[in-house]
Amino acid sequence: TTSSIARILKARGVPLTVVKIDPYLNVDAGTMNPYQHGEVFVLDDGTEVDLDLGNYERFLGESLPGNHNLTTGKVYRTVIEKERRGDYLGNTVQIIPHVTGEVKHMLREAAQHAQAELTLVEVGGTVGDIESMPFLEALRELQQEVGGRDHMAFVHTTLVPVVGAVGEAKTKPTQHSVRELRSLGIQPDMIVARGPAALTPDLRAKISLFCDVPPEAVIAVPDLPTVYQVPLHLESQGVGDYLVKRLGIEGA
Amino acid sequence: TTSSIARILKARGVPLTVVKIDPYLNVDAGTMNPYQHGEVFVLDDGTEVDLDLGNYERFLGESLPGNHNLTTGKVYRTVIEKERRGDYLGNTVQIIPHVTGEVKHMLREAAQHAQAELTLVEVGGTVGDIESMPFLEALRELQQEVGGRDHMAFVHTTLVPVVGAVGEAKTKPTQHSVRELRSLGIQPDMIVARGPAALTPDLRAKISLFCDVPPEAVIAVPDLPTVYQVPLHLESQGVGDYLVKRLGIEGA
Amino acid sequence: TTSSIARILKARGVPLTVVKIDPYLNVDAGTMNPYQHGEVFVLDDGTEVDLDLGNYERFLGESLPGNHNLTTGKVYRTVIEKERRGDYLGNTVQIIPHVTGEVKHMLREAAQHAQAELTLVEVGGTVGDIESMPFLEALRELQQEVGGRDHMAFVHTTLVPVVGAVGEAKTKPTQHSVRELRSLGIQPDMIVARGPAALTPDLRAKISLFCDVPPEAVIAVPDLPTVYQVPLHLESQGVGDYLVKRLGIEGA
Amino acid sequence: TTSSIARILKARGVPLTVVKIDPYLNVDAGTMNPYQHGEVFVLDDGTEVDLDLGNYERFLGESLPGNHNLTTGKVYRTVIEKERRGDYLGNTVQIIPHVTGEVKHMLREAAQHAQAELTLVEVGGTVGDIESMPFLEALRELQQEVGGRDHMAFVHTTLVPVVGAVGEAKTKPTQHSVRELRSLGIQPDMIVARGPAALTPDLRAKISLFCDVPPEAVIAVPDLPTVYQVPLHLESQGVGDYLVKRLGIEGA
């Protein structure tokens, strides 16, 4: 989804880049078993990263450097090295503000180096996992620092499973994950509903109501034959227009 | 409180030891500013640790080695080094089971080396902090592995503040932290209520009811003139007898 | 599932009965639209109730009276009438202890009247709904009052959806609902996994580990051609033996 | 606090009224024991209500009718009567949307009848209590319906206890209750910190940071000799200006 949104917005001339956050503790994907995790993708600078980075490059038609992939291992290793060097001047080193500070620093660096006006950050994993909490907190702080919801938007991808013989679409998992996100201080601005369910007006209204998201920001992404159809599918539901307006991106 | 419980049980002849978990990211207390965090305590083997370890040594009349102090920094550094060496055989390294596994391994090592039948583990910080979650999950798993609640008990220390002109004792913070503990899968076996409040029978019954803890396992620890009075205070409320019976410790 | 468990245990000669809790605010099902909620079932005493009661009667081969169906409407109406009559002697009337007290009273009455040694209580709705909270709290208190987990067990029915082209079974919804249950002070003793997923040993071990439930208490109930096959299916997975042993039911 | 805020805003010429929500199940305060709950206040129309209503009348210099006091008992009794009459046309009656709908209806009625441009709604009890959840959900929906945060603001009153010999102010209870509020979909716009703590710039910044509230919207209300000093105290911290600006109230 991230690469498709990136594609849509880039097509409108927005200078953007993409960063992937993988909350696992591996410092990079180099040590990971391809049978378990899928093939590793090797960037032009030699960094071994998650396959998603390959998707980004293909969708953006650009080469990305290794610092566009953050992992828990990479962040904690940096923080622990700094602590050992005495960089924190004797402070008790904590997730807030030290780990979240490092995450924000890495994101700002990647964005500045890419001279991007807009940076899409994809956080892997599931809301509620301990691994992703420091990253989500960092993003919450970042939103505050850049001036609030007019300057940074959260897109929440969630599963809407269909169960039983009659194919009833279940929104409880979405309600759960949105409640969890909110308790972390994050209010999603757009909901992307994955799954086979057609998003009926009723279902869309229900999700809109309990997520505090306008109906036009509830988007369905069913399983499509190829990922290359996803950008067109998103565009047809007005994702590009909504985000451009929401973030006040000029000339797009 | 931990050192006092240790003192009480040691006086009954239970071969025990104590481990302190500090959820901060500093690898050890050596880099920490004494003005902010209090003086560092230096163990006989040269490790610089939290002052609490000094309390343990004084209360137990024993010298403790450096591996009786775990920190987030120490655990994550070990896990990341193992990952870089390929010890995880290409697996995606996660908090569960890899970080929790390392915590359990470190705790077992400290206990075995000390030839202890009982190990008291104090977890610093506050329930609900992201930092302490991997440690609490490790302890939950450990309880399952050692055979359940008859072999491992959780003592939850909580603040019961007194507010207003009439000095009303507030149990809401206790309810909150117990709910949080439970959502992590931990059911406390004893509640230690810190604060100036006298624990009236009413208050004790209320805490007992919503915490699922018998009334005799709700213990008050007010602010005493010196910490050396705490063991006597706990003993007078039956803490020793309760824990010995609860854990089925023979000959104690 | 409840009626099937009832069938299995009744076949072993356990004198039991069944109560259904519907957390909706309708006092009974008489006013409910059959197109929306399904047909109403009329008990021998004329009470109009949820269709599930019909299932119980068929599976047990017995007639049930109207007080075997509790709804939020019925409970609150009773409590509000008592309050207006002054039965609470001027107390501030609260969910805890007044509503939960009424729920426990109604459950005890139904059980005593039916001369049952074991009462199965099915709570409709979803964990986390506000409607079901007073009922779950009442059951938590009841477990404490009857002497703990050896005398009352919780069976948690949860959806394990299968998603995507490769048919991956998702346990996140189960983790979420168990975490929610625990935060309410309820530790499930058995997990019934609904859904098309075959419960592989791996999946069973995973659910067992994070739910603190032994592997043999993780039960799969796929969609079967008729509900009358469910009891046999449960029996083949050892549900009857497990519950009889767990609750120490003699001669069964 | 509510009556003081009302006083401040009324002094600026804003046509306003006040509604008190008491989440207890008593239909009105008439049956309540004065020894336990304090004296009952009798409105001009004869309704027996909570003492707070008396405060409102004194601070506003106005007489309020009985429908300016909502209780769980009053709301549920109305909903259950409507259900019995068939007003819900056979629907399954649920907290959402039926109870929350009734709450919103009652609030709108009270506001319209009082010809108020601004209505202050005080919700008694504690965030996280089951009793207050339907009311908080109703207010969340109401905010959405009136056009979002520019038209309706949430003021969260929270306890900042001071503990120990050195008098350390604890913000954990505030963090907990704000997290709980957020998980219910409510983002506070102003934090009122009750308690003896002086709000140091550090403390204010900390609360501001994790509550996503600007520092000038973090207000301290210590225990004052008389409640009549509270309005002046709030005014001196800029509460009036902040709220007038926040809600875009003209000519005030």
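Some observations on this one:
As written, the chains take the letters A, B, C and D, and residue 1 is the first residue of each chain.
The rule is simple: contacts are C-beta pairs under 8 Å (C-beta built on N, C-alpha and C of every residue); 3 or more make two chains touch, one makes a residue touch a chain.
Molecules present, by chain and UniProt name: A, B, C, D = CTP synthase (glutamine hydrolyzing).
Remember, it's a predicted structure, so these values are computed and weren't measured experimentally.
Residue numbering at the subunit A/subunit B interface overlaps substantially, since over half of the positions present are found in both copies. Note that among the pairs C-D, A-C or A-D, A-C reproduces the B-D interface, with over half of its contact pairs the same by residue number. If you average the Cα atoms of subunit B and of subunit C, the two centres end up 36 Å apart. Subunit A and subunit C have Cα centroids lying 39 Å from one another. Residue ranges on subunit C touching subunit B, taken from their complex, read 140-141, 144, 179-180, 182-185, 187, 209-210, 212. Within the complex formed with subunit D, the residues of subunit C that make contact are 24-27, 31-34, 36-37, 73, 76-77, 79-80, 83-84, 86, 88-96, 98-99, 129-131, 133-134, 137.
In the complex of the two chains, the subunit C residues touching subunit A come out as 126, 128, 159, 161, 163-165, 170, 172-173, 175-176, 195, 223.
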